[in-house]
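Chain nomenclature is as follows: A, B and C, assigned in order of appearance, with residue numbering initiated at 1 for each chain independently.
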Amino acid sequence: MTREIVSALPELAEVQVGLLHVFIQHTSASLTINENADPDVRTDFEMVANHLVPESLPYVHTLEGSDDMPAHVKGALMGFSLSIPISSGELALGTWQGIYLCEHRNHGGRRQLVLTIQGE
Amino acid sequence: MTREIVSALPELAEVQVGLLHVFIQHTSASLTINENADPDVRTDFEMVANHLVPESLPYVHTLEGSDDMPAHVKGALMGFSLSIPISSGELALGTWQGIYLCEHRNHGGRRQLVLTIQGE
Amino acid sequence: MTREIVSALPELAEVQVGLLHVFIQHTSASLTINENADPDVRTDFEMVANHLVPESLPYVHTLEGSDDMPAHVKGALMGFSLSIPISSGELALGTWQGIYLCEHRNHGGRRQLVLTIQGE
């Protein structure tokens, strides 16, 4: 979702040196950076996430469904915020880096982000 | 530990837009954000952490006990710092989000945090 | 690599309170903090990373080699940036904390970092 974030931030163009902070206000969806070229990478992320934190573990917190507690743990493993350098009005991402929003619920709703720019 | 952090920071009330950085100066305890409503979530986190990084793996660094090296890895997976947006004098956490200090040792001691506020 | 980073930043000495942001512009190498005293810790990190994200999983994205997709996931688990407090001209790291660059490819190339200092 790099493109969505950048296009929501015309202020980015005025920052010579700084940081963009992206924060997701949820506990079952998360943020990460990864290879943005091949869509297969997303398929593999999903597969490994389910391998790492399977729904079959003996969870106690199951009231909201069998995908809920695994979603909390996957979220904590990926993280709920990103900080990305800004250089000469642009995100200083590497060639292959893109921002991912990771939805860990089977039927996630609308997700809310808070974006903060610091710099000069 | 959201409440402990907020009550240690009266300066927060003066910040209209900014970021709070929370840093833990240890390698076997970590910080994350997660669901702060149901205490069962903590039980499940502990269970999954032990599933992911069991003490039974063939560790080399075992001098400080069988729970030490797993604690380092669990810490790295969760992370040692958090950045949380500040908006109108308050942390802009989502409804269900709370700050967790994750103790990964069986008998952890006193833990030291460094809190940094940036903003205006 | 704490020493390399600090020696690349003479500006650090002038900062009384602030943050150092370290960002790696790649998706198969990552950054973390961990115990910097015993080199065995690195051996164990490598072992656990391979345990968590083995090359034997049924990956789809395999064009760049069997170690490529595991490297992307390991990178996302560790994270691609660090924020470390600065206090009185020095990094406010804990006694045992050091900055790790984690190379997740079998034959990784040159890696590029972006360092940003904020503070006063």
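Here is the rule we use: a contact is a pair of C-beta atoms (placed from the backbone, for glycine too) under 8 Å apart; a residue touches a chain by one contact, two chains touch by 3 or more.
What you see is a predicted model; the values in this text were computed from it and never measured.
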{"item": "Arrangement of touching chains [line / ring / star / complete / other]", "value": "complete"}
{"item": "Copies subunit B and subunit C touch via same or different residues, half shared test", "value": "different"}
{"item": "For subunit A placed onto subunit C, the superposition rotation in degrees, Cα atoms, nearest 5", "value": "120"}
{"item": "Computed distance of Cα centres, subunit C from subunit B, in Å", "value": "18"}
{"item": "Per-residue overlap in subunit B, given as positions that touch at least 2 other chains", "value": "52, 77, 79, 83, 118"}
{"item": "Complex contacts: residues of subunit C adjacent to subunit B", "value": "17-19, 32-35, 38, 40-41, 43-45, 47-48, 51-52, 77-79, 82-85, 87, 92-97, 118"}
{"item": "Interface residues, subunit B side, partner subunit C - complex", "value": "21, 23-27, 52-53, 57-61, 63, 69, 72-73, 75-77, 79-81, 83, 112, 114, 116, 118"}
